[in-house]
Amino acid sequence: MIAAVSGGSKDPQAGGGDGREPITAAAVAAQVGGVLVGDGSIEVRGIAPLDRAGPNELSFLSHLRYGQWFATSRAGVVLISPELAELAGTPSTRIVVAKPVDAMVALLARFHRKEPRAQGVHSSAVIANDVRLGEGVTIDPFVVIGEGVVIGDGSWISAHAMIGAGSVLGRDVRVHSTAVVYPFTELGDRVTLHAGARVGREGFGFVPQANGVVRIPHAGRCILEHDVEVGANSCIDRGSVDDTIIGAGTKIDNLVQIAHNVRVGRGCFLASQAGVAGSTRIGDGVQIGGQVGIGGHVTIGAKANLAGGAGVIGNVPAGETWSGYPARAHRDHLRASAAIARLAKIVRPLEQLVSKPFSSSDGESRANSRADSRADSAPDESGT
Amino acid sequence: MIAAVSGGSKDPQAGGGDGREPITAAAVAAQVGGVLVGDGSIEVRGIAPLDRAGPNELSFLSHLRYGQWFATSRAGVVLISPELAELAGTPSTRIVVAKPVDAMVALLARFHRKEPRAQGVHSSAVIANDVRLGEGVTIDPFVVIGEGVVIGDGSWISAHAMIGAGSVLGRDVRVHSTAVVYPFTELGDRVTLHAGARVGREGFGFVPQANGVVRIPHAGRCILEHDVEVGANSCIDRGSVDDTIIGAGTKIDNLVQIAHNVRVGRGCFLASQAGVAGSTRIGDGVQIGGQVGIGGHVTIGAKANLAGGAGVIGNVPAGETWSGYPARAHRDHLRASAAIARLAKIVRPLEQLVSKPFSSSDGESRANSRADSRADSAPDESGT
Amino acid sequence: MIAAVSGGSKDPQAGGGDGREPITAAAVAAQVGGVLVGDGSIEVRGIAPLDRAGPNELSFLSHLRYGQWFATSRAGVVLISPELAELAGTPSTRIVVAKPVDAMVALLARFHRKEPRAQGVHSSAVIANDVRLGEGVTIDPFVVIGEGVVIGDGSWISAHAMIGAGSVLGRDVRVHSTAVVYPFTELGDRVTLHAGARVGREGFGFVPQANGVVRIPHAGRCILEHDVEVGANSCIDRGSVDDTIIGAGTKIDNLVQIAHNVRVGRGCFLASQAGVAGSTRIGDGVQIGGQVGIGGHVTIGAKANLAGGAGVIGNVPAGETWSGYPARAHRDHLRASAAIARLAKIVRPLEQLVSKPFSSSDGESRANSRADSRADSAPDESGT
């Protein structure tokens, strides 16, 4: 029997940071090139946001917006920007540094425990005879690698991943556990596939036949260029006639769907649960929010920005921010939303204005319409 | 060759219930503490809703709303509430019981076939040397367990699951096939992860660098407290600076996304395909409908209720029901929806009202506006 | 070291078609029964859309809409319909055929590289003693098959798939890598489950108890009839009291959720990220767009069409097209969208019309309202 296993978050107030070798405030200041104010001997054992940090945790303040949290924070040490260095607040040990956020990000690596990595090919892996593995490749237990696969130097394929026949992977590729690379897929250097990512599946295309439908053979490829990251359980289908291509440096979050023949540009970000329908073209540097849906055969211009939840059914010009469903320019969407809220309060009088003839002497009916307007404030439409 | 394999649903009219040892109506009545009316010798072999149940199946009626189904149901036996016990309907064998739904739920376990469970650790599993397994733990084929993992008594890890290094699992945890627990994740007692769940992935956070972007190291933890359930293919990322925490007893459906640094309270329900962006705080007892999207850095008050499909971009007060996109109080959303439908019928006359000067003698123009209003009923906006 | 591994899409302009044995234009014409115009000796090595095809690639033109692409296409050979055969355009070698799209689909199989298939049962698979496997079944590495499973002739179960105890699979079923068939699930003939599909999970149903909630035992079945296809990472839960049934020939895309007790008819299409809540009934031939959400306990009539992103909260009549959130008849939704856009431009004057008494001599106030209307064009509501 095990005496003590986790009871979940026994200490839910503790902040993040699971690499627990302490470092002094003075050492932190030295590492980030900051100016130490206060007690340099305080031991930092973790990191946390201002409202959750404790006496042995490091936090940061980079904007007056969070000043209220700083005022009462229990953080032992705070990275703080020069213009806020004198701000009133409980944390007495401060490290003044030009860019507290960058400094914190640099420090995160120190508090970040790395996953241990084995060397070489685990004996349980099933690897076809003609596979070519580069130097320093790690193949974890139960990995399956199909005929003719090529994997570049330094790549790491985790447990239960499947690399289908004929696929080509670049250098320093990271395929996490249970990810599936369908046959004949191409991954550039430093591509990351998180757990459960599915790339290269034949797309969702059918043609009617005498007795039902048949699948369209998908002869197009699925290509992920250098430095692409695909989140957990996200899916990218291969092309039918055209290829599906994800441009270099594009980052894709969890549970995202990219259909056949789609072309995504370079340096894009697709947040979780976004979906892109078939044959759509997305330019470079496009930012796509969570749960955005983009219809098929549309074009999204470079550096466009699609707000979370937007439903895009037409082309979006380069550089514009769109939102709403159906999506339109964000400014138009905001105006429409505001208009609805305001008009909802005066529906009944507006209906009366257009339905009743009235004259300059028709004071009574107009007075009624005002009364109706107020009555309209009650949720009498709730049944519609 | 196999003579007969499944042809799909050969008998699509058959109801559910796959545990097929029959039980008499009298025995059912005894088990639920109900009063038997009619033939107690009828054999019950399955359960089904009223409209689909057959002569050897048990159904239930708890509300007059379903009286029409009861009137012609072929169900052999019906659990029925006292106030409906005399209702006209074909089922002649009735078991009168105070709470038919509760009685049915209690009976479901009888008709529910349990998945067989092996004992001990399967010889194919790959388990690091320093792993600590509690008593009565089941480890199924091809499971991989990393260095330093602790698994509490009675837990069951199914085929192809991966438990990353340094993770700590409580007692009676159930990890289904192909689920991935990323390294350094903490699961409380009785946590369930369904097939393909991904917990503890490093979140979707990047910082710009000279040549592209780099991932923010995620030093925060991912903690699922006691009795949390995570549906199939759902994803919960670990924190960057803060932790990601799912409160005790919270139930998460399939294909849900929870981003880094999110805190979900206790006893919440998140329906399928909901998504929560980074650093958002969700109070206790919050109910989140299917496909709800919640933006980053917002706060959802305790016991709030977010209707399916809602797109939440701001804070939601405790106890309120919100809906729509962008979400607002449900009452306001309903009123706005009704207002749009009503105003859509009078757009043209309203436009004319504000665009044309008119006088008390301007009967003609107003008559025209009425005609326009009717013409507006044709879908002439369909091209917009 | 490997000299050359993939650099992602080194030639991003190259079209699809990864089966690279060349075929002459004359041979293509013969195969599709078309009339060759131009040089029959051109070698076709791949296929691509008009705007991306090169001199050794085959493309197609079936509609004047794409005439602009045809005008300057570099495609070596083009399949073209009789009425467009004389259209001005750079491609000089044309194959005139009645239905270019059908001809292209027929040719796709030629350019489509098939995944290699092993024979028999891989030695690493873990198969319970009483499993019945039909003739010609392929079981790939690390597959786990539970007690009492029956698998029909010709089926192919890929690496890391799990077939739970008591499940019955028909003939020529294809289960891709890491898919999970929960225990006691029934799949008809020619069913396909893509990577990461989860079928037969117990649904998301709980009942309150003294200290928290408990899961409702799900005694209903999960049945996929003949020729059903389930996309990557899609989830179909089993029933609680009723069964969950997917009708014959229905095709389901990636990341789709189907909850407990749902009945989907025959020949339906569900696009990616659609979700169907519990106990809903969907008729035959229904088409469901991407990210559509359908609430619980509603009925969708046969051949209804739900546009992408629709949020359906009530019954939809047979044959109708619905869209929007909340969804309504597409015509009504379009009209409402247009109405909002038009009314947003005149909110202020409309408010003034109902808030101010006015007379036939009130020319000034009305003039002001016009001015306000113009001012309203500025996005002054953007803060709301």
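Going by the order they are written in, the chains are A, B and C; count residues from 1 in each one.
We take it that a residue touches a chain if its C-beta (ideal position, glycine included) is under 8 Å from a C-beta of that chain, and two chains touch if they have at least 3 such contacts.
The chain lineup, named per UniProt: A, B, C = UDP-3-O-acylglucosamine N-acyltransferase.
Please read all numbers here as calculations on a predicted model, not as lab measurements.
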Checklist outcome for this item: For the C-alpha superposition of chain B onto chain C, the rotation angle in degrees, rounded to the nearest 5, equals 120
Next on the checklist: Regarding the chain A and chain B pair, does the interface count as same (over half of residue numbers shared) or different (under half shared)?
Outcome noted: different
Next on the checklist: On a C-alpha centroid basis, what's the spacing between chain A and chain B, in Å?
Outcome noted: 22
Checklist entry - Among the residues of chain C, which are close enough to touch at least two other chains? => result 124, 142, 160, 178, 196, 233, 255, 273, 291, 325, 337, 340-341, 343, 350, 353, 360
Checklist entry - Tell me, which parts of chain C touch chain A in their complex? => result 1-2, 5-9, 12, 14-19, 46-49, 52, 59-60, 101-102, 104-105, 108-109, 111-113, 115-116, 122, 124, 140-142, 158-160, 176-178, 194-196, 227, 229, 231-233, 249, 251, 253-255, 267, 269, 271-273, 290-291, 308-309, 324-325, 337, 340-341, 343-344, 347, 350-351, 353-355, 357, 359-361, 379, 381-382, 384
Checklist outcome for this item: Note: in the complex, chain C contacts chain B through residues 124, 126, 132-135, 142, 144, 146-147, 150-153, 160, 162, 164-166, 168-171, 178, 180, 182-184, 186-189, 191, 196, 198, 201, 204, 206-207, 212-213, 215-221, 223-226, 228, 233, 235, 237, 239-243, 245, 248, 255, 257, 259, 273, 275, 277, 291, 293, 295, 311, 313, 325-326, 331-332, 334-343, 346, 349-350, 353, 360, 363, 366, 369-370, 373
